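Heads up, there are several structures right after this.
Shared between the two complexes below is subunit A, which has subunit B as its partner in the first and subunit C in the second.
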Partner chain A sequence: MTDAQTVLDRVTRVTRVPGVRGALVASALDGLVVAEQLMDGVDGRAAAALAGSLVGRLVRTAEGAGRQAPAFVQLRAERGSILAAPCPDDLVLIAVVGPDANVGLARLEMLDAASRLA
Partner chain B sequence: MSDDIRTLTTRLAEEPTSLAFLELAEALRHRGQLDAARKVARGGLSRYPGLADAHDLLARILSDQGDLAGAFDAWADALRLDPMRTGSLKGIAFLYFRAGDAVAAIDHLQRAAEADPDDESIAQALARVRRESRAMAHRTAPAPAPDPEPVTVAEPPPVEQPDPSSPFAELEGGHALVLVDANGLRLAGSLPAPDGDETGDRVAAQLAGVSREAARATRLLGLGTWQSITVESPDAHFVLVRPTGETVLLAAREPSLPMARVALVAERAARAAKSWLERVQ
Partner chain C sequence: MRALEPWVEVPLQTFLDESSARLTLLMTSSGQVVAQHGFSRSLDVMTAAALGAGIGASTEELARLMGSPRFEALVHHGARQSCLLAGFSTPRGRWIGLVVFGPETSVGIVQLFFDQMVQQLASAAPRDQPATPTLPENFEHELDASLKALFGR
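Our next item is the complex of A and B:
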């Protein structure tokens, strides 16, 4: 299991991507936040609980379709997106980004981080 | 008027709230008195809108009359009330096959076979549809209508217009698309797994309430209304959009197709689904 400082370092790297308002690692099972790096005004607990639940549903959807579990999810909205990358040990890396964020770069950072959070 | 119809008419007159309308409408249908049968069935439905038997009966009458769109709607109503009703599944399968959508026809017959594995007529229908669809795929000339023998409804006139019951019928690349209602029921489309199994219903069930959940997440985080969800899996790309407030549409493609292209497919399918919903509702 990755230590807490390493998890926080990975989260911090994601938040350095332009347009990312915050990132956190949470348990996909109960939404408990393991590490977070958030701008003021971003509700980490809400992000963790809701995104975690949504990712869980999408994992089941992919499995129901006979496909492998998702590696990356983007929920796009009018004023930004929620990005999520499931990690080992039932963790999920979540980022909240603004409408002008570099989603492509954030995705790459998140996929890299998720692969290292084993 | 024959004796049985006279007896049933008297019974219904004496007890207008009874279920005698089912037998009477069926008897009238068997005698070819389709207008009268339809009126009796509709009258009964106005009292028993939650009775799947009545919707199924109306569907068979409308099919006999050649009102295919009406028959489809009535069978769909019956299936909403009783999703594994084999007669209605066979009826809708028949309409799909008549309209040239063998995939949807096979899907409905497979569901019917799951509901009643002992019904040999379903297995025979399935085999016949598969055989005919393979033969049609090999023919270059327009195919003749398939033999309706496997299904218990009378043969309606040929369909000349594009299938009104499939929102994706005229859509280029209109495969692996599923339209789902807020309760997780599949409204249209299909989603084959890599092994060929149909997964549309299973996937639809998982997507029940996904729109509300996404809306809650984006609202609480101050992101406004949600627009799409993209899902990257090692062996598939999925895009979820919402054609209307009450429905979601899932498009699935192989991962070799860039996600942005899958999103375009989903948006186009959502527009088709929206106009289809406006027509059928």
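Our next item is the complex of A and C:
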């Protein structure tokens, strides 16, 4: 079981990627925040609830279709993206990034962090 | 969805649309029903309102004993459905929301949109009509009238 400090350390690493405005770990089942590191103006509670729900549904959809659960999700919007990586124990790592973010590097950091959150 | 006062309808309907809640009951802190969604029998509403108001009063007293401000919300997690009970202030006095939801949504989603509904209710409440607490002697009449209005009989 990963301890709280380790979870926060993983989240902090993701936020060091240029353009990342915040990252958090949420419970996909409950949509509640487990750990967060966010810039002012980023609503972690809303991100956890909505992105957690989205990822939970995507995982169930993939499984329902007989496919493997997605390892990484990118939801692109006009002014940035929401990145999400499902983790073990029904957790999901979520990052809120601006339009100028290095999404490739953020993806690598998130996949690495997600694999260690077990 | 049925509401006693029209200005409650839009915030409550938005909450229901966004949260996928199965049952919702809005009541005053004394248990007078303001709006309901999903209940089919007035007896169920009456029971839920009485229990919700009782739990709200108990948790407020517990908070007072612990020397802390009010608890914002109480969540019971169940295997097949869960329940959120939250008190909130409105320009018409203190109200309580009781929400029952299933695994098709999450407690995070329900809480998020419940808080939005509280803000919308605060904005939508008519300012020219102050809160009128129900007096003990006309409580039964008020309750009966509320249930008739909510169930259309």
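Just so we're on the same page, the second predicted complex is superposed on the first by the 118 of 118 C-alpha atoms of A that agree within 3 Å, B and C clash if a C-alpha of one lies under 4 Å from a C-alpha of the other, contacts with A are read in each partner's own complex, and residues count from 1 in each chain.
By our rule, a residue touches a chain if its C-beta (ideal position, glycine included) is under 8 Å from a C-beta of that chain, and two chains touch if they have at least 3 such contacts.
The shown structure was predicted, so the numbers you read here are calculated from the model rather than taken from an experiment.
Three-chain overlay on subunit A, with subunit B and subunit C fitting side by side and no clash. In the superposition on chain A, A:Ser115 makes contact with neither subunit B nor subunit C.
In the superposed model, A:Ala65 lies in contact with subunit B only, and not with subunit C.
Rounded in steps of 10, the angle subunit B-subunit A-subunit C defined by Cα centres in the superposition reads 80°.
The wider contact with subunit A, measured as residues touched, comes from B rather than the other of subunit B and subunit C. By the touch criterion stated above, A:Ser53 is placed in contact with subunit B and with subunit C alike. Once chain A of one complex is fitted onto chain A of the other, the partner contacts of A:Thr12 are absent, as it touches neither subunit B nor subunit C. Applying the stated contact rule after C-alpha superposition, one finds that A:Gly31 touches subunit C and leaves subunit B untouched. Remark: least CA distance from subunit B to subunit C after fitting both complexes onto chain A is 9 Å.
In the superposition on chain A, the residues of subunit A contacted by subunit B and by subunit C overlap at 46, 50, 53.
Touching subunit C in their complex are the following residues of subunit A: 26-27, 29-32, 45-46, 48-50, 52-53, 56.
Of all the residues in subunit B, the ones that touch subunit A in their complex are 191, 193-195, 197, 199, 202-203, 205-207, 210, 213-214, 216-218, 220-236, 238, 250, 252. Per the touch definition, subunit C reaches subunit A in the complex via residues 105-109, 111-112. For subunit A in complex with subunit B, the touching residues are 41-43, 46-47, 50-51, 53-54, 57-58, 60-62, 64-82, 96.
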